[in-house]
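Across the two complexes that follow, subunit A remains constant while its partner is subunit B and subsequently subunit C.
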Partner chain A sequence: MHRKTNSFKNIPIAILIILVLLIFLFPIYWNIVTAFKYSDEILAYPPKLIPSNWTFFQFNKLLTVSNGVFIQFFINTVIITISTILLVLAVAIPSSFALAKLPFKGSRIVFILFLSIFMVPFQCLLVPLYSLLTKIRLYNTKFGLILIYSTFFMPFCIFMLKNAFAQLPNALFESAILDGASKRKIMISLFLPLSIPSIVSCIIYLFIETWNDFILAFMFTSSNEVRNIQVGIMNFGKQRFSSDWGIINSGTLIAIIPTIILFIILQKYYIQGMTSGAVKE
Partner chain B sequence: MLTDLINRPSENKFFTVILAIFTVAILIGGFFLLQQMQSVKVVMTIFAVVWGVGSAALLYFTMNSIAQSLPRKFRSVSVAIVFAGPAIILLFWALVLPTFRTLWFSFFDSTGSKFVGLKNYIFAFSDPVMLETFRNNLLWMFFGTSSCVILGLLIAVLADKSKYEKAFKSLIFMPMAISFVGAGVIWKFVYAYKGEGINLTEIGLLNAIVVGFGGTAQPWLLIPFWNNFFLIFIMVWLQTGYAMVIISSAIKAIPGELNEAAKVDGANAFTIFFRITVPYIMPTIITVTTTILIFSLKLFDVVRVMTGGNYGTNVIANEFYLRQFTYGNTGQASAIAIVLLVVIIPVLYYNLKEFRSRKVLK
Partner chain C sequence: MKKNNGLLFCLPAIILLGMFFIYPLFNVIIMSFQNWVVLGNNTFIGFNNYINTFQDKEFWQVLGNTLIYCLIVTPMIFIPALFFAVLLKKTNKLNALLRTGIFIPYAISLVASSYIWTWILNDTYGILNFILNQFGLINEGINWLGTTWSARFMISLSVAWKTMGFSMIIILAGLSSISSSIYEATSIDGSSKIRTFFSITLPLVKPTLMLALVLSIAGSFKGYDQFVIMTGGGPMRTTEPIIMYISKVAFDYYEMGRSAAVSVVFLIILLSISYYQIKLGEYDA
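Our next item is the complex of A and B:
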């Protein structure tokens, strides 16, 4: 193990760390305090580092503007995100299981295909997908958006889950087969409980990607009943509120809070999932 | 009775056939019902979720039954297809097929009706607008990637020496959870510029600092050429955490004896860093670099949200967006998308080779 520097004995390093933290965190801090200021204080010069009156005024304005359209955006995002997570897991878990433990002719090629596909620039897919969705009448529906997200984010989940399943010993699988368990049963009651950490990393990955998506939601939706929170904020920024920093900042704060909380609580799993493919053992 | 059927489906061919018909009916019926239900949003959503997850499960179950009832010879292959099939079909339908359609479109005119040969590609490589995006993407790739990786490496080493490593790392990592739109709003507020005029005060954080130190306020996002770097900084802010976390876990894997031996031999911190740490984690650094390289090549959201590609900050992906959705020129947009794909292929190939050498691919 490395020896750790005792608290602040090493002053240059301490100063460096504080400086780096300041640069990384101050923009977020600024967003938070702006959301809790009154409008005149947002525009005040010199800028107030701490609001003299903390207020929910901006949030009130945000939630009541245009008949509470922001609440609609928020609910849409929740529905779309949860559905995407469920759908991807339902499809990706059996596929990863097959790729890891039921090798068939060409299973390696299929896995390589999955791997390369999640690096293909999405621009290559947008135009045909747009016409496809319009044709099957799923353009501007939550369901269409869920389908698109599921296919875009599935390859990485298959990658993570396949590695997790492959690490479980083959002997475990074979002895269960000898005991007469069906493959479906082995997958659900033996392999799934042993791969909970990887499934949690998948859920976090899917949550963050879906919740934060702007471009796909922007292209495949056209009405407020379907739009997600990111598109909503962009529209707020562009339309009549272009100079109303209070409302935009409070909306942004609401949009980033769920992912940040998820990150703080479950960071361990997310990092585990990301490093599983990247660090040489 | 029912569990009996479920457990031994191979002995109930009749049951299997009924189940198959039932599954197909649910799938198709649900799909058409969903199309008709456009108006009742809440009901439709609940139905869609139940239908989607339910029929996925049902589909597996049915296919599994069919596979089990096949002769033993085909069974192993068919069971694998049952498990992996839905994912393969979904990916083929939504990812592989569209890529080829885009390639096809790139040889046609704006509406996709007249064959124009390589004209769109000549545009993609010679138009001044495109050349500007190439220059900017090179800036993003070079400065963006190297800043993320170097900063990530330095912070990882710094954190490793600190007592508060965990807290420090998770704070640096935090921007990664923030969406591009969120980051855009936050940084727009940092770079905001009001200009000169009566009663105008600078509300932008950066300008407030600059004015506070006696400088003049700048329209940061309008300064030719340098505005690219202000945008790149946003990506560095978002992505350094990623580089740092992965490099940090590689540093943890360096055997302690290696460092101890070097210290005994009288090596100082710098020598250890350049002679032991960096060479040891080089493969990880390369992986992180290629990942961020691809990221900066495909970069779109930051530019879209901050400047829309104006003032000389355009990038390839944004020009694609403009060609397709503003000018409605599918041919040119498709050609740009294919160029992007072709540029990414070498990096992709390298990554796959790396994966194979690490036995991630069995």
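Our next item is the complex of A and C:
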């Protein structure tokens, strides 16, 4: 009885919350409609809440300017992001497996060293990283960026995957060893398939972090062949088209679509991963 | 048969860690005591870089800017995050939808969210000025990012908008770990909802709250992108954060050694924040 009256009371509250949510998401809506307006309508007064003519004009301008340099930024970002995901998985999966199931002398120290990256953000290491990259001739290269992203985004994945592997029973591992399977084979064909959710949350985490990075790409690149999409938008917005809000909004929209779509489809895994370290059971 | 090749499995990760984390970490400390030049011999100059930094007015100004930003943005993230977490605690379809909606801006990059807000806040064509004008609150367009305090507030607002969902999710995770029998007991007692919140919910989620708080404080100290896009550090350097100063000293003034010294000071500040994080974790367990 008590519960029923409560849920009735909640209807106006629910409407209020939805209204708040609509206001909350308005900035994204405003970005989308601005990107689909003609230039004169973008600057129209009073502003039009819905474009009177939807158009790809701004996107067309964005993608054709300077021989399609924006497409180059986009492709660079895709290459850097995918490579970082692959490299991190390639190094994090075996280390997590070893830390969880093949303890060796000093394995605890190794784990603590990995986690210490959480304590020292890369923002403190911009200068030595810059000097290192120039020394090994990886400044202004995609490969240099990929290596740095991989180093700093890897610990979170090791932390998450180690927990996932540790939860799988030791008996599973031991019986496979008795069957004569190699450790590498056990890892790939037995443990990996059982840890898909954790691997998916690693992939989303890596995708969002790498795709959205601005500071590292901004500091360690100097040419359009390497720059990522965030630096590209900043470059357009600050220098080339400083008050062309059509180009800025269409570029911004293209930059946010991949992460938002990925996030909406796979948010369950993402939230699981983000909160796995936050709350102790 | 007994041979354990665990270390071999870790080797690739250890190499990455050594090369791009441990080596730079040692190097930043060494560089901070050197007159460091890009090509040529680096000479040790003792504490000169630190002394010069502490004597630089701009250093104290950016430290102050960062602190002020932290003090503004933290409650702006935190209070709504706590409010929505408590409001959307129950798992049902509507709440799930709302949670997703609030969390969506977190997937957006800081560069993108900063441009989205810079456009909304534009003094001549921005929709915020138009709306305020319609309601008769202002007569002419306000240059939101042109004056110190309003720029600080607006940058904080855009960041709070982007990251509030993340804090909410962390707090939600803490709330969901509270057993429902505790709430049933209080509802039998007839305690009011507000009293239950302050006397039961808040103390029980305190460790999670503190974690979310420490994460957002550390995050605000590392702020950079939003300042570059929205104000470029202006007006009169009043929105210039530490990171912008570090990169300016290194790449505009070419004082690499001094930039390393500022980085070390900054690292010590962040480590003391993290120290509280660890202490809280122990307290929790």
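The rule we apply is simple: the second predicted complex is superposed on the first by the 265 of 281 C-alpha atoms of A that agree within 3 Å, B and C clash if a C-alpha of one lies under 4 Å from a C-alpha of the other, contacts with A are read in each partner's own complex, and residues count from 1 in each chain.
By definition in this document, a contact is a pair of C-beta atoms (placed from the backbone, for glycine too) under 8 Å apart; a residue touches a chain by one contact, two chains touch by 3 or more.
All values reported here derive from a predicted model rather than from experimental measurement.
Annotation for the three-chain superposition on subunit A: subunit B and subunit C clash. In the superposed model, A:Ser107 makes contact with both subunit B and subunit C.
In the superposed model, A:Thr134 makes contact with subunit C only, not with subunit B. Shared-chain residue A:Met119: touches subunit B and subunit C both. Of the two partner chains placed around the shared chain by superposition, subunit B and subunit C are both touched by A:Ile248.
Contacts of A:Ser150 after superposition: both subunit B and subunit C are touched. When both complexes are overlaid on chain A, the residue A:Ile79 reaches subunit B alone and has no touch with subunit C.
In the superposed model, A:Phe263 lies in contact with both subunit B and subunit C.
Residues 2, 17, 21, 24-25, 27-28, 30-31, 34, 42-43, 45-47, 90-92, 94-95, 97-99, 102-105, 107, 110, 113-114, 117, 119-121, 123-129, 132, 147-148, 150-152, 154, 158, 183, 187, 208, 211-215, 219, 230, 233-234, 237, 245, 248-249, 252, 255-256, 259-260, 262-264, 267, 271, 274-275, 278-281 of subunit A are contacted both by subunit B in one complex and by subunit C in the other. Across the complex, subunit A meets subunit B through its residues 1-2, 4-7, 10, 13, 16-17, 20-21, 23-28, 30-31, 34, 42-47, 79, 82-83, 86-87, 90-92, 94-95, 97-99, 102-105, 107-108, 110-117, 119-129, 132, 136-138, 141-143, 146-148, 150-152, 154-155, 158, 163, 166, 182-184, 187, 208, 211-215, 219, 225, 230, 233-234, 237, 245, 248-249, 252, 255-256, 259-260, 262-264, 267, 271, 274-275, 277-281. Remark: subunit B residues 7, 34-35, 38, 41, 44-45, 48-49, 52-53, 56-57, 60-61, 64, 76-77, 79-84, 86-88, 90-91, 93-99, 101-102, 105, 155, 158-163, 165, 168, 170-182, 185-190, 201-203, 205, 208, 212, 237, 240, 242, 245-246, 249-250, 253, 256, 259, 283-284, 287-288, 291, 294, 297-298, 300-301, 304-305, 317, 320-321, 324-325, 330, 333-334, 336-338, 340-341, 344, 347-348, 351-352, 355, 358, 360-362 touch subunit A in the complex. Within the complex formed with subunit C, the subunit A residues making contact are 2, 14, 17-18, 21, 24-25, 27-28, 30-31, 34, 42-43, 45-47, 90-92, 94-95, 97-99, 102-107, 110, 113-114, 117-121, 123-132, 134, 147-148, 150-152, 154, 158, 183, 187, 208, 211-215, 218-219, 230, 233-234, 237-238, 245, 248-249, 252, 255-256, 259-260, 262-264, 267, 271, 274-275, 278-281.
Across the interface of their complex, subunit A is touched by residues 4-10, 12-14, 16-17, 19-25, 27-28, 31, 36, 38, 87-88, 94, 98, 100-113, 115-117, 119-120, 122, 125, 127, 130, 134, 161, 166, 169-170, 172-174, 177, 187, 208, 211-212, 218, 222, 224-225, 228-229, 232, 243, 246-247, 250-251, 256, 259-260, 263-264, 266-267, 270-271, 274, 281, 284-285 of subunit C.
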